[in-house]
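Order of writing sets the labels: A, B and C. Residues in every chain begin at 1.
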Amino acid sequence: MKKVLGIVAAFGIALSASTAYAAMDKVKACFIYVGSIGDFGWSYQHDQGRLAVEEALGDKVETAYLESVPEGADAERAIERFARSGCNIIFTTSFGYMDATNKVAGKFPDVKFEHATGYKREHPNVSTYNSRFHEGRYVQGQIAAKMSSSGVAGYIASFPIPEVVMGINAFTLGAQSVNPDFKLKVVWANTWFDPGKEADAAKALIDQGADIITQHTDSTAPMQVAAERGVKAFGQASDMINFGKETQLTAIIDDWGPYYVERVKAVLEGTWEQVDVWAGMKEGHVVMAPYTNMPDDVKAMAEETQAKITSGEFDPYTGPVKKQDGSDWLAEGEVADAGVLLGMNFYVAGVDDQLPQ
Amino acid sequence: MGMLEAILLTVFTAATPLLIAAMGELVAERSGVLNLGVEGMMIMGAIAGFAFAQMSGNPYIGALGGMAVGALFSLLFAFLALTLVTNQVATGLALTILGLGLSGLWGEAFVGIPGVKLQPVVIPLLSDIPLIGRLFFAQDALFYVSIALVFAVSWFLFKTKAGLTLRSVGDNHHSAHALGINVMRVRYLAVMFGGACAGLAGSHLSLVYTTQWIENMSAGRGWIALALVVFASWRPWRILFGAYLFGAITIMQLHIQALNLGDVEFLPGPIYGILSLLKSIPAQFLSSLPYLATIVVLVLISRNRRLTLINTPAMLGQGFVPDR
Amino acid sequence: MRIEVSRRQMPSRLFAYLSPVIALALTILLGAIVFMALGKDPVQALYSYFIEPLTETWSLHELLIKATPLILIAVGLSVCYLSNNWNIGAEGQFLMGAVAGSAIPVLLPEFQNYLVLPLMLILAMAGGAAYAAIPAFLKSRFNTNEILTSLMLVYVAQLFVDWLVRGPWRNPQGFSFPGTITFNDFALLPEMFPASGRANIGILFALVAAVLVWLMIRRTLKGFEVRVLGQNPRAGRFAGFSSAKMTFFAFLLSGALAGLAGIIEVAGAVQHLNEKLSVGYGFAAIIVVFLGRLNPLGAVVAGLVLALTYLGGEAAQISLQISDKSARVFQGMLLFLVLACDTLINYRIRFIAGQPSASAEGN
């Protein structure tokens, strides 16, 4: 728990000196998921975070959730229902809930709102949080470059939003730090979740020469395809080792538990403040599954990089970095600005794809 | 494994569940019943297939279970739409809603568990033939079933008396009834056959395509199967063609994305030109091609009165109540 | 035992009133059994399903928001189905209406005055009607099955919207996330009672449409034409009515209403166009049409009931901690029972023990 408590100090910018709230005996924490908790991906991990809250705070907390809430007109109703049903803190866990979250927050100033992956905080009772998943992607890129014999990795991407582009670039930078000629092929599945299509995309990438598969979609299907075809792969969102015991190199695990526990506890103790959190390995939000199926030297390299990122000694987006069109982006030693990353809409050099515009 | 072979294998896997489900729906529609619940029956088959395979450890029992559950589930539709003469469109939609809910509930215990894969059945000698050997003779059992279904359904519909009976019920249930045919029994059996096929197609998803249970994993494939039946103007062999065309377009899109034009500059000009054109078209337009093609085919066949009369079950979607 | 169904000479007035009561009773009974099987208190479950959403003002607002598109689409579809035109592509017409209506605030964001909203509504109706005209044209000109063409066009519309909001219409300030800019205030539907909830005037359009279409069907020659051509096309033709014209009339009307529903959803509750707009209202409305027994006024009641089950499902998820799957199962069950019980209106059902009757013999 200790490292977790550092989040707000380290990355969170307390955006307003909100008034002190009184401590409470019991908190009701509520969660809205975009998918089903049975997706074993994004929503599943958020629900694991909810369970972590229940476990950590015991009878001081009561939780509730709504799953498969569409991001259209229904979102606002779902959030408002929670706000009215006595929830003290509401986590809205998908980008599409951004406007609805802020709208309801304006009506319920006493309820705390936490919106994942968004950027709008129109009221003092709205916080936003996200994770620096690209830190894990950089480590994966390094491993991929070491483990690949063809020098080509395949990346199954969902939608060309900054978050995804950031991951693709970080992976590429990591790979190039080991093998400057490393190539990355990208397939846009245009879905977060369609096991069949993700499997097909993995097959297409393997057929075109990729011998390492990584994904920014939610299902475990690509891992299974990689296992069948005898190539290696990285898990996404949750530890997918069960789906590829001899295939998974590591996985980026979204561990929302520490953040959720901290925030609910803050409500309980009356110390909740608005924050904009973008935390990574250092705070335990981005966790790497055990490094498996690789030689010891690769494992040692991965662990070393992870340690450097965790300690803050190294940032994956450190120059020199060129953009895909050959122009200079980051000078030697320069670290990318968070604002640029959060709006990222270009590739770095070495990505073998055209970014859909 | 050559690249062409690998790509074709992927297409085959993508096409198989569509083919099986569409073949079942074809029989139901030929008997005059429009069951829009394919998606619901398919997802029930997917969870049933997975669950039975998990419990028995045997994927074949899983596939049979998927089939049985699909057939049972379709009985619900049959009872309402046939016996109680409810509107078939509305009943089919309700079946899909129910199926998506029930499968999710049943599947809660199976989330995040790797499944039991239906392994390929390699046919000796034949599978050694270059290219086609691997494609046609080293596949999973459901692939063989899907191809056999095309032969069997085609033979049944057009070469047997029972098939003639079924088609006559679909063409005009009143005269079929007058001839002493038990319209209800024919339709019940046809709907259940459709359900069994949809269930089997669903179990292909959870036992072959992606060996796991995930909620909503059918992701609209039941609707595509419905479209295929029409695309094929109710002819079994055209469904085979349609399913593979659909599969090929889906897979081709992904390959074109992964393709680097720089790597294929050696190809002849026209082919290179087509590839670069395809690479510049937004994915959504490529995806909509099969649906537009279906409409065009529909128009072509319905313009020709004779063809329409031969192929379209005239009673499609209409309830039957014997006059007395 | 077997069940025998025979057509009544006249629809039963008794069962017209009794059938929904029976369906409700059966739903409550079966629902109670299901909830008990899940280990939940059935009384509390049914309360949160059917009563809780009605106990608070804000929730009533939400009910109206949810019911508006269902009612609007269903009213149009009821004319289609009464006249034997099987338009099941309302979802596509809904989307195309939303696209056409959104064109003004998205493409002309500077154009801001009181003309904007009326223009949007008109454009949306035109867009929905134009999209519905495709299957109507194909049916009347080439005799092409409209169930299938209208269904195919749904997928095309979904992909088209997806492309628009990720491509040319994407909000340039939206960090590459799909979706258009948020509409300006002139392009938003005003809320009716902003103090108590966010229900907008869209519901008024739905009610007016329902009443007008009901009057049309019951009181005008056009309505007579609809019913005659639907029940007996041959007789209709002898009376000088044109099936082809009726097909166009029914499709254009239902397309326009679906398009209107689309823009009301966008300019009301969502306030910008995005790819998540299609959540199946066009398909759910088909069920509403049948729950409402092809009657536009019935569609109002049925639309409210179906909307209630969505809201009730949420309430039950929270209060009982059941998953949304059980809520959906319950909804499916309700629909089945209502459909089944409505059989009683037009048919006589007899339970017969033993031998099949003469009519079912043979083969």
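In this section, contacts are C-beta pairs under 8 Å (C-beta built on N, C-alpha and C of every residue); 3 or more make two chains touch, one makes a residue touch a chain.
On a predicted model such as this, the values are computed, not experimentally measured, just so you know.
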Between B-C and A-B, more contacting C-beta pairs sit at B-C
Work out the mean Cα position per chain and let me know which chain is farthest from chain B. A
Provide the C-alpha centroid distance between chain A and chain B, rounded to the nearest whole angstrom. 36
Whole-Å gap between the CA centroids of chain B and chain C: 28
For chain B, which residues are shared contacts with two or more other chains? 104, 108, 215, 282, 284
So which bits of chain A are touching at least two other chains? 36, 190, 356
Residues of chain C whose C-beta touches two or more other chains: 162, 167, 323-325
Tell me, which parts of chain A touch chain C in their complex? 36-37, 64-68, 70-74, 76-78, 80-82, 84-85, 95-96, 99, 119, 159-162, 165, 190, 342-343, 345, 356-357
Residue numbers of chain A touching chain B in their complex, please. 36, 38-40, 44, 154, 185-190, 193-201, 203-208, 210, 219-221, 224, 238, 242-243, 352-353, 356
Residue set of chain B touching chain A in the complex reads 3, 6-7, 10, 14, 104, 107-108, 111-114, 205, 209-212, 214-217, 219, 221, 250-251, 254-255, 257-260, 282-284
Chain A partner, complex, touching residues on chain C are 56, 58-59, 62, 65-66, 162, 166-167, 175-178, 182, 198, 265, 268-271, 274, 276-277, 279, 310-311, 314-315, 317-318, 321, 323-325
Touch list for chain B against partner chain C, complex: 34, 36, 76, 80, 83-87, 89-91, 93-95, 97-102, 104-105, 108, 165, 180-182, 184-185, 215, 223, 226-227, 230, 282, 284-285, 287-288, 291-292, 294-295, 298-299, 302-303, 305, 308, 312, 316-317, 321-324
